[in-house]
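The following blocks contain the structures, represented as structure tokens.
Both of the next two complexes hold chain A, though its partner changes from chain B to chain C.
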Partner chain A sequence: MLKKSLKYVIIGDGHAGNSAAETLRKGNPGSEIVIISSKPTHYFDHSLLATFLLDKKDITSLYVYPYTWYKENNIRLRLNQTITKVIPDKHELILAHNERVYYDRLLIASGAKPKLPESLSRYKNLLTVFTDAVDAMKLRERLGTFKHVTMVGGDCIGLHLAGAMLKLGKSVTFVLNEYNFWPLEFDETVKSKLIGCLKKKHIEVVADDMTTEIVRDGTGLNVMTKNGKIIKTDLAFLTSGMVPNIDFLDGSGIDVQTGILVDEYMHTSAQDIWAAGECATVYYPELKDYRQTTGEINAKALGNISARNMLDEKKVVSLAEPGKITIEGEDFITYGWKGFSIDI
Partner chain B sequence: MKEEKTYLSSERESFDHLTAARRVERTVFFSTNKKDFAWMRENVPCQTACPASTNIPGYIYTDYQERYGRSYEINRSVNILPGVLGRICSRPCELSCRHGWPGFGESVAICHLKRVASDFKPEGHRIEESMFGPSGKKIAVVGSGPAGLGAAHDLAIFGHQVTIYEALERPGGMLRYGIPEFRLPRNILDIEISNILRLGVDLRAGVRVGKDIKLEELTKGYDAVLLTAGTYSPNKLGIKGETVEHVYSGLDFMMDANSGKDIFVGSKVLVVGGGYTAMDCARTSLRLGAKRVIINILTTEDYITVNREELNEVKTENVEIRGLVSIEQIERSGSNLNVKFRRNRLGGYSEKGERLAVPIKDSDFTDEADAVIYAIGQRPETNFAKGVIKLEKNSMIPFDRSNSATEVKGLFVAGDFGTGASTVIESIASGRSAAWSIDRYLMDRTRRKKVVRFEKYSEKQRERAWDFIPRQVMPTLPVKERVDQLEVELGLNRTLGKEESKRCYLCSLKFEIDVTRCIYCRYCMDVCPTNCIHTTKDVVTEEDGKQKLLVTDKWNEVSAIVIDNNNCIRCGNCKKVCPVECIDVVKSELIEQDVEA
Partner chain C sequence: MTFKRSLTIEICGSSGDRSLAAGEILIRTLSDIGYHVISFDAYPAEIRGFGKTVAHMRVGREFMLSLSSKVDILVSLNDRYAIEQLKNLNDEGVVIFDNRPRDITYEVLQQNEDETDKHHLGPGVYKDEEGWKEITSEQVSIAGHLGPGMYLYGVPLYQLSQKTTNESRSRNIVVLGSVAALFNIPKNEFINNLTAKLGKKDKSVDSVVAAFEEGYNYVRENVVKLDPYNFERLSVDRKGYKLMDGNKAVAQGAIDAGCKLYAGYPITPATKIMEVLFAELPKRGGVVVQTEDEISAIGHVTGAGFAGVRAMTATSGPGFCLMTEFIGYNVMSENPVVIVDSQRGGPATGLPTKTEQSDLNHALFGGNGDTPRIVVAPTSVKECYQWTAEAFYLAEKYQMPVIILIDLFLSLSVRNVELDPLPDYKKGSNKVPSQEDMKLYLRQKMTDDGVSPRALPGQENGYQVVSGLEQNEYGTPVYDEYSHTAMTQKRFRKIQTALDNDVPLPERIGHKGRVKLGVISWGSTAGAVADAVDSVLKEGKSVAMLKLIVINPLKEKEIQTFLDDCEKVLVPELNYQGQFANWLAIHFQKKFFRYNKVATRPITHDEIEAEINRLLKE
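Moving on, here comes the complex of A and B:
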């Protein structure tokens, strides 16, 4: 247990950030802990996001902890606060409203945002995203306005969302590109098994193909593929995985490679700054490789390891156990997510 | 500063709305005062960053006026190959563009606007050249790449008889043999090379100096010889397996591909290197039939020289980038190549400012491939010069970088051949600079100089609303249509070009408050979006000509209200609200001029 009284600041209110906050509170009861998040809603369970569309429950039903939990644990939660700059030399963060926040030790757990493949960057405005509670609330309001949806790419949230759409009586098309279907271990066996399962659910699957263009067609869209297929749809969901949400680090001098580069102790290239969760690119000695992990299991584990290192323990990161998703009773191994199923 | 003449611009449409009296008021000055050069350096960051000192605000404004021919000529007067550079320039200007500074948005698409000028200049557009009389001097230029072409152009303008010796079949050097046609269509290159040859330059292609003709013969037969033979010796990996079949240097690979030779790439290609050649090799491999291409770089994407748009196109074509790896060994295993790599972490910085990669212990791994292409730089092949000049230990030719001269009288060096691999725009600038030095050497006097040209404007030239126009996206060929050598970037059309040209702050406009007329009402300060107008007690000129404002909040100390042009975005708000019209706009341009002018 660390006895020094330190100010820990955590950027991000997701799995990694909250896991770290818990560990830090236990490991250093006298410390000051602040979580800063740009989101208006707080820590929610991703696996409930799609089912939220099916009922009329309040948004708080998604939350992992009630607000009172933070008070009880003496953790200050600052929502809707955007960080614009990190100044490692001064141990300072600058917020959008020009406030400067000092830290002794900083954890960046700012998560990820939907990945927009370079080839689709010009169609950004025609794609719908579904990654957080606000997206879920917005989508729930317009459920009556569309009949057919297309999943561009494919990821766990996309599968889960497809399940909800089927349940709501919508028809679904998947444009399955192996490089975008993430984070499944995606070889030929998995692919054919997955396609079979999706088809059993009456999902149209466009396999071995990729979306190249999206154009407006009246009130709907035409999604066009590399192999010349034109899919007429009402909504095109961007489900091509996620990329780290780290734009605010520009100019900070912290090393990044897609995500924030951290060593096996989750430490960044800047003094007193660690990173965890989907925003981090972690070197795993057991893999002899850097890996950017996704999902609840990994984020929680990385948040915990980071916090222990922030408490002056010397803990080396290790890969978490894989999770699984189920489709038509079949299990698919994932690296990070758990609790997802298309069989809603 | 000397006053030159009253300027009447009867031929320029944009002045038509001015009264005759206002036109006569337009006065032009030329200056060689170091204070004015310092102002240009500090305030026009794009032109400062351009190795050729292209008058970027000047050509963008003429694009806006839809005077594309004029825009093309503003470019061509210093960078010689606007159609080429408008496609493949490395764009150091865009990294410096004030519009890209923090808080101001994205930089202007300067390079794309160069191409707009080239694409939309009128058919049969008049090439402007102002030639000196014949000097009777003969000069040999060895190599017809960008440095050689830039030098040949200026030497011909100076009135010298120029002969280019080119070892390869056709002129252009790396522009033709290094860069793929899908980035640089050859008809564009051919036209711009012919504009140089038409000045009376003699091209002897297929003649390799050192083999078909000795360098000694040139030094004896010509008044001066300029070596711009490029870098045709690829750097080696220095690892086991480098010479096995289907392992290519990037340079050889691109030269063979651009010469139309059959090259085996197989299904999976590993490219090693993070420069433009590596990117070209990867994209060319796809066009030759590869299904998967991975570019392996030592550090991360943040530390490679390739610009973001190029990297975006590479990724759009589904090329993968694997960062933080070093290649260790290549082994053939049946029809496959087993390639051993090691992971890196980022280290410190080299003396040259390059980010270093540090290998991670016990992190080696093996990947398989059908072909490996390494593009890790290239060096000049200098053996042919050995009998004429003593080479340095690293086989480079020693020369004075200030004037391109070697220790051998009449022998000059320029471009990549002198410095090692650089960019096309650096090479052109280097070639032209060497041409000016050769002219001084031959004529024993300086005949061209750089000056700052001032012209007073009564209008502010742009609107504040234009600051919010987003950067226009370059239209590109859909991925599925990117076959063979079809050009990928389609160019901004006239509408997009006009919109993009509005985004330029026109940093060459100098906004100045005339303190003799200023009534200190501070309206200008209230409407300034960047807080660049200050109350000052003095303006201090430093030794290098740079000016520093001594800002004060105390009214009893204020001697003037001054616009800090370095933070000014030339929106014109201040001029619009000034009740006494005491804010002047002066266009300041760094241009080239005859010494006698």
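Moving on, here comes the complex of A and C:
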């Protein structure tokens, strides 16, 4: 029988972490539940980030729950605290401020971070990221300072952001390389349809090319491509897809590939540790293969399944329904995103 | 500052973390940029000085007289202690902590003899009287103890302190830099106050300023501010304002009133009065005597009073008890003395570092026989100044003891105040004998107002006998019914004269005319009442307050009018018996709703507000 006094620790205050916490609380009302997040903000809805740029709403308008929800559900929330190490043998986490936190059962739901192509690592400081509520807050403060933006690479975050930029009267350029438009179902037909739609929206698309260099030019930037194009721009966004956020697992002995490898029960290779959401590479029995997951729908579903397994149920993971992204009235399929329209 | 009337800040550390010094610099700076401040620090109870130390300050745009129960910003220099303070933090409060503290090693230790020492230790296994106990790292790190609506900001205080000053003790300065950056407090004022506090102009000052800058820059570069609190500079001129606590104000009042002798024996919380006077009185031709005990102290003051010199002693409950015999002596011999009693928790040695208002009975009634005396209780730091000066005037004019009742909270809480200069007439109030009087000098001459002309020793023909015995007009000891009755009446007549001529009308605040609820208060609690009444008045409630500073004699007619105006009357005070409510009940026929606490801390405005609202609903 499941012990009532179990201490569940969840790394990550996103869709996966919160969905798991809710399931755990329902399934084991007497247990201790702790969510730890390196972000200072609360659990927020990423799909609102673009429209957040358009108005003057408070950051709390992005939050999914009021903080009182955590009180009511007796979930301890530890924001703005980063895990630097996991020690499975001791059932211990080490935090950046030297604290050691014990767990009985651990869920890693640490999400993903923007992928920085090796060739661009030198230009990290010149690239702007748009992945969370703080990025959106900072960008909103700067809206008056730029007119043209360049999306370095093609991903759905870039598309999402482009919708808001257009609405704000900014001009947008995409520099696409051979990378897929993460996480769209992508092939040549989709690609040409997508480029056509973007052009209809007066977005400049530099296709089949790639960014090789970024240099400062006065207050702006010059983005240079492999084919010799120089794009004069005010801001360059890093939109080359996302990679699992799992650096803190180095040396932990937990098996990882792109993300944390989990079986069909969302269990990792280490005892009492599960993983869910964008940080996990999941074994889907339907595919008889592993797949990297992304998107709100996936994260919530996987968080829930992990939690049920942490409650000693035996729940097998299944593929989520695909979502769609709409551009100029055309739909594009994604495998995990809830979907959005850039026709705002 | 966004939003509310005030914000409360705490800097919590272990003694040695220098949190009080940081607090002092912070309130000075906030005062300089236009805010009203009230600080009230908490020290470890032990004289040895181990344990928790909290610099506590309320900062507001508007004038305030009391503390709040809740804290908005908590700065932790010692997580273990600061965790205990979290229970007072608002649900949306801010915590600043050291996010790269010294490496904590897991220790296995026998607990030290000193209980409080365990607070210096990190996680580990300890042995105390109950056996071995484990203290985990989670238990002693504040980061895991916050409520879900609170904001946590980490700054590597230890690392930045080491980097700039080669020691960890400057964490308090690093954190001030962070506080400045986080809440947009102008940096220059901070640095000015910092260097003024350090005093010396040498390399160590530069490194401390560097520590401040590191804390400031770290926040600017790394911290995402999400809380709504800011202290931008206010456009008000507070140049004439001085930061002082009640003790300093008492000492300043004494100096400005022309006190020339102070005698006292050190006692918490009154000691600082003596310390200030030690530094200041000799420069002005005065004398300070640290006596062997409180009996000797009041003896000195009695002698000086007899010699025609304005003189004062200050003490706390236990010392005040020892002075009781001399109170009677000065009543009988009609001699001016000023006694300050800064009340602390009692009875006996009681709670030396905790505030209370429980010496009122003793101040009003202490002593044998019928012993009239004037008792005044200032309600704010500014009034500590005014009423100390006033006490000298009254003691000299009415030739009797005047007791100034303050308390630990008033004594130690620092505020920014603007002191009004004293009117000249207050500086000499002795009833000087006329030439006629000196033809046949009667020290205890019967007069209509009860006050006899007082010749000073050495004055020609002013020869007099002074003792604690009952006397006739010559001062000669007598024991007959006629003389004792006449002299007792004379002594009480002086009280009536003082009441008619020198006791100001009690101040009424709030609605005029009939009200649902009236609050009468005294001493430092009156500050909390004034703040609470101000709040409920803004909500349109039918409330008024009567503030009494002179507790004896009472302005009965005016108090009666107020009582008649009130459907209900609340009397809040910091003692168990309701000593002030009892005093009022002797004089007035009215039901008094009491709100008594012996909470070891001042009553706060929000507690009183809650009580007012409860009584209004009942």
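Assume the second predicted complex is superposed on the first by the 337 of 344 C-alpha atoms of A that agree within 3 Å, B and C clash if a C-alpha of one lies under 4 Å from a C-alpha of the other, contacts with A are read in each partner's own complex, and residues count from 1 in each chain.
Everything below uses one rule, namely that a residue touches a chain if its C-beta (ideal position, glycine included) is under 8 Å from a C-beta of that chain, and two chains touch if they have at least 3 such contacts.
Since the model is a prediction, treat every value here as computed from it, not as a measurement.
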Task: Kindly say whether there is room for both chain B and chain C on chain A in the superposition, answering fit or clash.
output: fit
Query: For A:141, is the partner it touches chain B (first), chain C (second), both, or none of the two (neither)?
result: neither
Query: After superposition on the shared chain, which partner residues are touched by A:212: those of chain B (first), chain C (second), both, or neither?
result: first
First, second, both or neither for A:41, with chain B first and chain C second: second
- request: Write the angle, vertex at the C-alpha centre of chain A, between the C-alpha centres of chain B and chain C, to the nearest 10 degrees.
  value: 100
First (chain B), second (chain C), both or neither touched by A:99: second
Task: Would you sort A:55 into first (chain B), second (chain C), both or neither based on which partner it touches?
output: neither
Task: Kindly classify A:89 by the partners it touches after superposition: chain B alone (first), chain C alone (second), both, or neither?
output: neither
Statement: In whole Å, chain B and chain C in the superposition are separated at their closest C-alpha atoms by 7
Message: Show me the chain A residues, by the header's touch rule, that chain B contacts in one structure and chain C contacts in the other.
response: none
- prompt: Along chain A, where are the residues that touch chain C in the complex?
  reply: 34, 40-41, 59, 67-71, 75-81, 95-102, 134, 137
Task: Spell out the residues on chain B that touch chain A in their complex, using ranges where they run on.
output: 102, 300-302, 312-313, 315-316, 318, 323-324, 343, 345-346, 360, 362-365, 473, 478-480
Statement: As the complex stands, chain A meets chain B at residues 118-119, 121-122, 179, 212-213, 226, 228, 251, 255-257, 261, 263, 269, 283, 285, 288-290
Message: Show me the residue ranges of chain C that touch chain A in the complex, using the header's touch definition.
response: 91-92, 97-101, 103-104, 123, 136-138, 141, 143-144, 146-149, 151-154, 224, 226
